[in-house]
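Got a structure for you, written out below as structure tokens; questions coming shortly.
Here the chain labels run A, B, C, D and E in written order, and each chain numbers its own residues starting at 1.
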Amino acid sequence: MFSYAVLSGITLGGMYALVAMGLTLQYGVSRIMNLAYGELVIVASFIAFVFMTALGINPLIGLLIIIPASFALNWVIYRVLLTPLVARAKNRGMLEVDSILATFGLLFIVQGVLLVWFGGNYYSYDFLNNAVDIFGATIAANRLVALGFAVVIGLGFYLILTRTRMGTALRAVAVDPTSARLVAIDVNFASCFAFALGGAMAAVGGVLVSMFLTFSTSMGVVFTMKALIVVIMGGVGNMLGALIAGLILGVAESLVATYIDPGLTIAVTYVIFLLVLLIKPSGLFGRAAS
Amino acid sequence: MHISAKLRLATIAAATTAVMSTATLFGANAQETYRIGYAISKTGPAAPGAATSTIPNYEMWVKEINDAGGLQVGDKKLPIEVVEYDDRSSSEEAVRAIERLINQDKVDFILSPWGTGLNLAVAPILDRAGYAHLAGTAVTDKAPQLAKRWTNSYWLLGTGEQYAVELAKFLEGLKAEGKINDKVAMIAVADGFGIELSKAGREALEDRDFDLVYDKTYPLGSQDLATIVNDIKALGADTFVAFSYPPGTLGLTEQSRVLGFNPKVFYAGVGTAFPLYKNRFGDNAEGVVSLGGASEDDPKIADYIKRHVEFAEREPDRWASIVNWATLQSLQQAIERAGTTDREAINAELAKGGFDTILGTYKPGDQTFWQVGQWQDGKFVGLAPTDMEGAAELVFPKPEWKAAQ
Amino acid sequence: MLDIKKLSVSYGKHAALRDVDLTVDRGEIVVMLGANGAGKSSLLKACAGLVTAHNDTRINLSGSELTALSAHKIVEAGLALVPEGRGIFGELTVRENLALGAFAKRAREAEKQNLERVIDLFPKLAERLDQAARTMSGGEQQMVAIGRALMSNPDILLLDEPSLGLSPIMTGELFKALAAIRKTGVGVLLVEQNAHQSLAISDRGYLIENGAITGQDTAKALQSDPAVQKAFLGLGAA
Amino acid sequence: MNTEILLSISGLHKAFGGLIAVNQMQFDVHQGEILGLLGPNGSGKTTVMNLISGALQANDGKVVISGKNITNLPAHKISHSGIARTFQLVRVLPDLDCVENIEAGLAYRTKPLWGDAAHAAALELLDRIGLAKQAHTPAGDLTYIDQKRLELGRALALQPKLLLLDEWLAGLNPSELQDGIALVRKLKNEGLTIIMVEHVMDAIRSLCDRCVVMNAGAKIADGTPDEVLSDPEVVRAYLGDSHA
Amino acid sequence: MSILKPDFIRPVGIGAVIFAALAFLPSLVDSYYMSLAISIVSFAVLATAWSMFSGPTRYISLATVVFFGIGAYTVAVLGEVLTFPLVLVCAGLAGTVIALLVGFSTLRLAGVYFVIFTFGLTELVRQVVSWYEVNVTREMGRYVFLDITQNDIYWQLLALFAVLLLTGFILGRSRLGFALRIIGEDETVAKHCGIDVTRVKVALFVLSALFMTLTGAIMAPRWTYIDPVIAFNPMLSFQVVIMALLGGPRRLLGPLLGVIPLTLLFEVLTASFPNHFSIQLGCVFMVIVYLLPGGVVGLYEKYRAPKKRVLATDQNAKTGGSTA
């Protein structure tokens, strides 16, 4: 029982982390508090659904198209919608308020377009749902795939951000955009790149999540909020932090469901989140407020 | 040159709009249409439910009547004109939209919104303004009191107790036959609907000497139910009951399949009777039990399903959709019987009942429809009340889950 | 090498700099003296592209026009600024800070040599390469900031009050280092409160007051100028 | 000279992580004197000021004013015990006008002023610091020098017994410096006790009755300006070899 | 003393006249317009109350619906037990207690951490209420059958709004309100001016929460049925923030300038584009964000008094030297 609870918690946490990691990049590096994030997750879910049901393309193969497409889409969003806000913001606080307002509008537009195309119905499809036994517990293969992606993306980006020139540059932009300009980093480009990359990761999350969750056009907000919780709890801009925060929440949820009361699973994630913030106001791996 | 062309276009557009709006104004004055209004959740958490059970029915009903030339009112045929709003799944929006329909749009009749909370929110306003309220998608234990409180209101899906008791009676029969043991595992979504049904279910099952080996709730919005299924699997219950919402229903089914949890009776819903469920699980839906049901052999029902598929490009759900459709048929007949657009006359006809619908001879508010149903050969047939005409035999035990393709 | 003509900068209606002309040659240290708020920092920021100068301003580095370039391109052109308050990346390690210094394409090829050069200049950094920069003392942070600027292989180095927060001994080392940097042919433009020591290593100096240049001369001459002594070398009498 | 002790600091200790910023500091400030707190940048002078004013919490040690222990009290309580300060980086309330900036100092002191009384008092004080004309200018629009004046005015509005000036004279041009020195001297003559952190030697020599010199968080000299400025250790650590 | 001065009496007098006139609205318009009016006034109270705390301090709180929901739930629980005025008192008390708890525990968080914390709080409260109802009362969803008409609700809200504006007006001229402005400008300076920063912030947070709670309590009878999803709908918090930010949260009447156009806009869009509401709303929203950077108040101020602002230049960046 315990091993099952932990294992299923880890897969659940992997999903949380997966969905959150793009946002931590967007918010951490590009400083865009993207309230439309969840909608872009859902868009990817719908595309995966269409690929699977109408075109017969397996979602994992679909990723080959969806990742570059969403990267491009988010690139355009940043260039067209967000660059003017970045340019006019005198400080981080102003950009935060402006980006909240602008992406709030974007949220409605994306949701509205989805609604016109797909209606308000629930959607779900069947892919990789066979059971896999590991460590004596049975888990659906699609969840393991999602977990695998989360770990690979989390660790991979951790390595990229810490070990490569471009990654270090992205972190430099996150730490201090003004100084980053002084070392020849094109901050606008880097922000745009990070935003687009974050968007591509949101799409990966959306595709993988759609393999095992029922979704509808109005569910984007749920993902945005979960992602925000994970991002803030893990420390803004910290990929590994997001991964660990996601896993903590997933395992806690699962243990509470098994040993206390499934009715408290969501409550417990918020309790943990609030406690983390009260004890460490900048998140598990966040730097002290500057 | 360029500018003047644009200007001309704009002028033409403006003129057209003006002409059109005056046209509608005159049209409304001359009472050549019957104005139907509704406010429904096109966005927000209630949108999926509304899109499944209610909106296609409303739209199909209007289209069918208008295609046939309109409603027969006396010796005239009145086409239906629709005013619709999005209540955004919010009680406050719903209240305002209904006020707007009554006072601004002055519609002749108002169709109900989707869901218990929204129907309750608008009920007092409809009552005060003298509109009948055919609440097609509200399940509330207070249904009988509400019907008394607001005399023109009809709570068509009945009380949670009815479903729970009918299910318990049905299970009692199986137990008596020695088909299932006395252990039941029950899970409910922590929401008005889930709690009402689980509360009634708990009482009804315990009255019938069932042992509730698992009796918990999960929060609305929680989709990961793997641990719950895993816990229940170890308890040896022959009967699994989930009073859940569609995402949960699908999640529970999914996890039961993955974990190889094969109770003899697998009951889950809302959502099982949705076309989504069959599309999603295919053959694996076979034997799953839930609320609702349809006598699919009945030509009227079969015809309704066929028309629904043609109109909405998907099947109707086998629970609230059918009740909703029967209600709309009743409304149409009440108007025709009244022979006038006068609201009070129509209300009086509605109260009389005796309409010919897909649920047979129907009186709104009298719950004569399937409370327990089961997927059998791709059809969601009615099982209970067992004394209803066309009650199907239970497929027992539920076939084991097949591996995913 | 660096040739500034008619540099003007305004914030809103407030003019921070008015028609400033200034030159720095290869291998030369030039110091700017002036009160707080006189516009010294604005001048350096304008050169580095962090604030926008008026349209008729011309800033030219070895023949290439910097005026309308954005900050990262100015670094590519060979101008590096060590900003006031250092502007290092506190969360990043010293090694990462220095590596970022060589982010400019012009610096990538010579990254290794430049790193060696910086370590030679500030041997203390060698022991601290994997430490997060913010955990270091003020003096060490200043070394990182200067080291990072040197990593971009600049033709000209701008420093905004580099001795701020440094102990006098550290300050001494800093000025020695600047003298060493000059020897490699890099031009240095220095804004300093510590007029005494900065004049001692400088070749020339400018006086700036309320956004305008009010005087310029060789460092020697400035040191003996009574007005300069009164305004900036008050403690020379000690 | 008045020898009554107004403020007494003993064993004051403050560390940031591993870095010891203030190490066993100890000194007294006498009623009515101007004490100069000198030392190289980063030697811990501002930290001492922050510990006295309650902007920071000490790890150890004691701060006593007029016999009252105020160690580690919250800043607002310390201000109520008669200490006011200016900041190293000038801090005005940028969106408020000058009158309001002064009223901020008047409205929450031990004997608060509010409404018309505060307005009148604020105008009077503005006049005293030479900002009467700018009474309704937002503080953020003032020049650097005027912001410094305004900040001092706000501190004075608190009617402190002890005024902490953190590099208040820094960045003034020579003529402004003379005005500034005159103003501080006037405050002293009105009976105010002052601790000033300062680098401007002219000011120190002409204003300070006594100087405490810090280096690396610790006190290295204490005496009249002439005494400390010729102390070899001070010359070595603070003034530098070139001044020896 | 200062109460009797003309610059106090005149605005309060004008306000009183306007509110007295507004009280006659129900006899002039039909119940649709009344429902629209209720919507506007309720959002006006919420956005103004929100701005009372968040405007000067610049803390963006998403906890509005926590207090709103607590108010609504108090009515659902006690509505048939006590008389309505007493219920309102209880709701106010409940909101105050929660606000005190939240205030003392969260006000040390800054920026986005505070934002998300307050959002998390909403979800937590919703979950806890759900769990309590499910496991303790075993009743989910409560019925509110009170004889309170739409007009009653309107008058109550209007009275609440009047009280709120008066409170805000007095606050704006009080030491407490001034303290909050100083805190918003510079918390360190505020402390050194003798302001007990924590107490002031918590006091204002509680005051603002009290009005939100009462709004929820007054609105509750309108919906007949209340469950945690309805009472604690986080969209409400977002709407309030957006309206207040659009209007301008740093002026007493600023939020109102956001509430009225946005409520009407929502209404027009819902009515005209029931199927494309989201897209229209999103587009209009974006246009507003791009064209009205300072909110409606900003626009007003821009044309009324073009104000120059000198940026702090050399003097604002000298960091590091003090502690290192």
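Quick note on the criterion: a contact is a pair of C-beta atoms (placed from the backbone, for glycine too) under 8 Å apart; a residue touches a chain by one contact, two chains touch by 3 or more.
What you see is a predicted model; the values in this text were computed from it and never measured.
A.B. asks: Which chains are in contact with both chain B and chain D?
C.D. replies: E
A.B. asks: Imagine chain B is simply missing while all the others stay put: what groups of chains do you get?
C.D. replies: Groups after removing chain B from the contact graph: one piece.
A.B. asks: Counting C-beta pairs in contact, which chain pair has more, A-E or A-C?
C.D. replies: A-E
A.B. asks: Cα centroid separation between chain B and chain E, in whole Å?
C.D. replies: 37
A.B. asks: Rounded to the nearest whole Å, what is the centre-to-centre distance of chain C and chain E, using the mean of the C-alpha atoms as each centre?
C.D. replies: Whole-Å distance between the two chain centres: 50.
A.B. asks: Approximately how many whole Å separate the CA-defined centres of chain D and chain E?
C.D. replies: The answer is 41 Å.
A.B. asks: Of all residues in chain E, which are in touch with two or more distinct other chains?
C.D. replies: Within chain E, the residues that touch at least two other chains are 127, 130-131, 134-135, 275, 277-278, 308-310, 314-315, 318-319, 321, 324.
A.B. asks: Among all residues of chain C, which ones touch two or more of the remaining chains?
C.D. replies: Answer for chain C, listing residues that touch two or more other chains: 36-37, 83, 137-138, 164-165.
A.B. asks: Residues of chain D touching 2+ other chains?
C.D. replies: 19, 41-42, 144, 171 - these are the residues of chain D that touch more than one other chain.
A.B. asks: Which residues of chain E touch chain B in their complex?
C.D. replies: For this pair, the touching residues of chain E are 30-36, 39, 127, 130-131, 133-135, 138-141, 143, 145, 219, 222-225, 227, 229-230, 233, 235, 267, 270-271, 274-275, 277-278.
A.B. asks: What residues of chain E sit close enough to touch chain A in their complex?
C.D. replies: Residue list for chain E touching chain A: 58, 60, 105-106, 108-113, 116-117, 119-121, 123-124, 127-128, 130-131, 134-135, 234, 238, 242, 245-246, 275-286, 288-290, 293.
A.B. asks: Using the touch definition up top, name the residues of chain E that touch chain D in the complex.
C.D. replies: Per the touch definition, chain E meets chain D at residues 1-2, 175, 178-179, 181-182, 185-186, 188-197, 307-310, 312, 314-316, 318-319, 321-324.
A.B. asks: Residue numbers of chain A touching chain C in their complex, please.
C.D. replies: Interface residues on chain A, with respect to chain C: 165, 168-169, 171-172, 175-176, 178-187, 287.
A.B. asks: Once bound in the complex, which stretches of chain D touch chain E?
C.D. replies: 16, 19, 21, 41-42, 46-47, 50, 53-55, 74-76, 79-80, 84-85, 87-96, 100, 103-105, 107-110, 112, 114-116, 138, 140-141, 144, 147, 154, 158, 171
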